[in-house]
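In what comes next, chain A is part of two complexes: it sits with chain B in the first one and with chain C in the second one.
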Partner chain A sequence: MTIPHISIDTILLFTMVAAALWTVMGRSLLKATIGLAITSAIISILMFRLNSPLAAVFELSVCTGLITVVFVSTISLTKPLTHKEIVELSKERHKRFGYLPIIIIVTAIVLTLIKIRNNVAVAPGADITADVRQVMWNIRHLDMFGQILIIIAGALGVVILFEERKRDEW
Partner chain B sequence: MPSLLILVPLIGLVALNLPNKDIMRKLAFWFALGLFITQILLAIQHHPVFWNYQLEKMDSFFRVNFSVDHLSFIMLLCIGIVSTASLLVARHTIHDEKERFKLINLLIIASIGMSGTVMTSDIFSMYIFLEITAIASFILIAFEKNIYALEGAFKYLMLSATATIMILTSIAILILAAGSTSFSDISQAVRSPGNNIVVVAIGLFLCGLMIKGGVVPFHAWVPDAYSAAPASVSVLLAGIVTKVAGIYTLIRTITAIFGLDGATRSALLMLGAISILVGAFAALGQKNMKRMLAYSSISQIGYIIIGFGTGTFLGIAGAVFHLFNHSMFKALLFVNASAVESRLGTMDMDKMGGLSAKMPVTGATSVIGMLSAAGIPPLSGFWSKLMIIVALWRSGDHAYSIIAILAGVVTLAYLLIMQRKAFFGKDNESVSEAGLGIKTASVMLAGVLVGIGISFPFIFNRFLAPLREIIHR
Partner chain C sequence: MSGESWQSFLTFGFFIVLTFVCGAYCLLVTRNMIRAIIGLELLIKAVTLLIIVVGHVTGRVALTQALVITIIVIEVVVTVIAGGIALRVFRHNNSLYIGDLNKLKG
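Moving on to the complex of A and B:
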């Protein structure tokens, strides 16, 4: 009997899916944030292993670092739940999201069985080795402005959605 | 200089949020109004000095790949008019100046996102602008922070995120295949046969856009989002956001990149017909005015999809024209719904009745909106539906043509029910007419519907006939 070869990437993928499930099905917002950070960290490692070190650095710094800080700060503004409320929410959440692991397993099996013919040759123009500084500040200027707008919209969203709750608590 | 339509609002947005906010809060409304009216005038005029002149330093700094054609002009006009209506409604329905200031900021951001989406010819920039619009819309829906608003926003966020994953995955595959993000390069790459993974990418992309557009079976978020949002946001969402984020992008990417082959055409015709029927029959059973209008939107979007699915010039021009008309009459009906809500505090049509006598402007403009939506001549909605039905008949899709005609009767039925329950009947003593801003928005939109209906030959020659360029490109 031969043991099937399981690569480190496969183990990482399974761990990432488990962390993502823990994030959406967990009972505590704080634990969900930690779950999200772990998911992002594993994605970063996968990106690094797929020969995209700069994308990995961005993922690590933005998602694992900055977004976790923003989430934890936001959670600190919300009203903590009682133990009874947490248990009730947890039950409801498991009932609502209980099908998620099944969907993921079925999707994984279907995708493994379906063989989509992938004969896309990387086009010569797709320069994946271009310097990220060159890409961001010289080639994709407009998208940088777009990202500024997204950040402004996000900041406004935090102000609008959490300001009053903070005032109520005080 | 089309880049000014992005840059000026962006600089203005930053300036509005500088210290000394009291003055800025007062200025915000007038700044936004000036922006939207300028956009309307520029889109009507098509003046080459603005649209073709290159500001060398700025354009090279921006590295802009904007490509503004007649389809973009129509969409920019829609964005300008509906944003103006939304702004006017916000002025008279949100009384706290601080809250109104925040909403205006988001309104400007959503407007920049939509304008960028309709002007770019780069698939990744289109995605960025779509995300700007989606994030601003999500916050706008949740603006009132009650349970319904948060539920509507959450549903929109979840479905929008699913659409984003599909679109982004598709873009990644397309970039690999084409080596570029411009529409023309991707178009050449995807039309070479034998790439099954590219076919999957196209399917994912189109499904993502249909989620954003609220086409059946991806419509679950639409009624909750439209009915839970504040009045001015409902006007914006129903009037233009879904049209730009889902329907314009669908028309643009299919005509400029993917092409309209037999399978795509059949799928569009079928989805369009299902949307028309599901939306119309679901609207019939609604008691909440905003939810009825939301289901009506799903049905009207079906008309746009089915017209586009013919693949002929008449069908595509009819679809684009119906997109414009739908923006106008749906924005008008939502403005009037907000007028009723501001006076009665409810959207339950069983608790309404006799509003026409006390709200004559709202009642009269509502009739115009209703008749235009039902396709009654000589209002603008009649012409666009006629173009779509004739195109379907000519292209041999007789069954779809009959569905479109019969669904028009259902549309008239549910809108008459709404009109009778809300505006006709016994005089309601306890209400008064809506505020000046809401009345101005209603009259402006009703004027557009009547004006365009009467001057249809001029509109066809000036705005619709040049759309041939997007088909024969």
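Moving on to the complex of A and C:
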């Protein structure tokens, strides 16, 4: 009996899908947030393995760290459910989310059956050997401008959303 | 594209599609606002990984990394704003149920 060759990437990808499934199927919101953080951490490991260290560092620090903190803060500021509500909701959730593993299995079977031909031609480009910093600051500098605008818009949005009103003006 | 790169792309693509399906299903089925944001996050993560894989198999790692960094910045801002909106809605309606948002009608 021969053991099929399974690479580390395949194991990581399988774990990523399992973590995503756990995130969606999990009963508690906190567990879903932890599942999302695990998915994000696995994606950042895959990015390191795909020679994209800068994107991996961003993914690890921002998506795994900051977004998890944002979610946990939001969940902690909302009221926890009572035991009765949890029981009622889990029955309803079981009905709605119970189909997901079946859908995943069917999608996997369909994807396995589809034969895609390798007729993709890679167009020649000038930035194949370029450094990521060079691309960001010289070629895609408008993206940087857009990022700054988005961060300012986000900061203003947070200020407006979280400001305490003295009286109900609306 | 070389055979090895193509095979790598197909393997990654297979699992990326499955992750995307998880996120899409969560977004479609859930009625909780925070869980909807989590579904959106899963979708963005699947797309981010796909862009990195495409960069790896085509040899344009630098360009795809720059794009992914931009996507991550947008993702964070969207998540923070959506989380803030969910919190405000909770304080207003005392519920995170999406069905309670019909008071915006009119």
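Rule of thumb we're sticking to: the second predicted complex is superposed on the first by the 137 of 170 C-alpha atoms of A that agree within 3 Å, B and C clash if a C-alpha of one lies under 4 Å from a C-alpha of the other, contacts with A are read in each partner's own complex, and residues count from 1 in each chain.
Everything below uses one rule, namely that contacts are C-beta pairs under 8 Å (C-beta built on N, C-alpha and C of every residue); 3 or more make two chains touch, one makes a residue touch a chain.
For clarity, every value in this text was computed on a predicted model and none was experimentally measured.
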Practice prompt. Considering only the touch criterion stated at the top, classify A:141 as touching first (chain B), second (chain C), both, or neither.
Written response: first
Worksheet item: Given the touch rule stated above, what does A:30 touch, chain B (first), chain C (second), both, or neither?
Response: neither
Worksheet item: Which of the two partners, first being chain B and second being chain C, lies in contact with A:149: first, second, both, or neither?
Response: first
Worksheet entry | Comparing the two partners chain B and chain C, which touches a greater set of residues in chain A | C
Discussion item. Per the contact definition in the header, classify A:87: touching chain B only (first), chain C only (second), both, or neither.
Written reply: neither
Worksheet item: Does chain B (first) or chain C (second) touch A:69, or do both, or does neither?
Response: neither
Worksheet item: For chain A, which residues belong to both interfaces, chain B and chain C?
Response: 116, 118, 120, 122, 125, 139-140, 143, 146-147, 150, 153-154, 157, 161
Response to the item:
Within the complex, chain A is touched by chain C residues 1, 3, 6, 8, 10-12, 14-15, 17-19, 21-23, 25-26, 29-30, 32, 34-35, 37-39, 41-42, 45, 48-49, 52-53, 55-56, 58-70, 72-77, 79-81, 83-88, 90, 94, 96
Fill in: Residues of chain A touching chain B in the complex
116-120, 122-126, 138-143, 145-150, 152-154, 156-157, 159-161, 164
Discussion item. Can you tell me which positions in chain A touch chain C when the two form their complex?
Written reply: 9-10, 13-14, 16-17, 20-21, 23-24, 29, 32-33, 36, 39-40, 43, 46-47, 50-52, 54-55, 58-59, 62-63, 66-67, 70-71, 73-75, 77-79, 96-97, 99-100, 103-104, 107-108, 111-112, 116, 118, 120-122, 125, 127-128, 130-132, 134-136, 139-140, 143, 146-147, 150-151, 153-154, 157-158, 161-162
Discussion item. With touch defined as at the start, can you tell me which chain B residues reach chain A in the complex?
Written reply: 6-7, 10, 13-14, 61-65, 102, 105-106, 109, 112-113, 116, 120, 122, 124-125, 128-129, 131-132, 135-136, 138-139, 142-143, 145, 173, 175-180, 185, 189, 194-198, 200
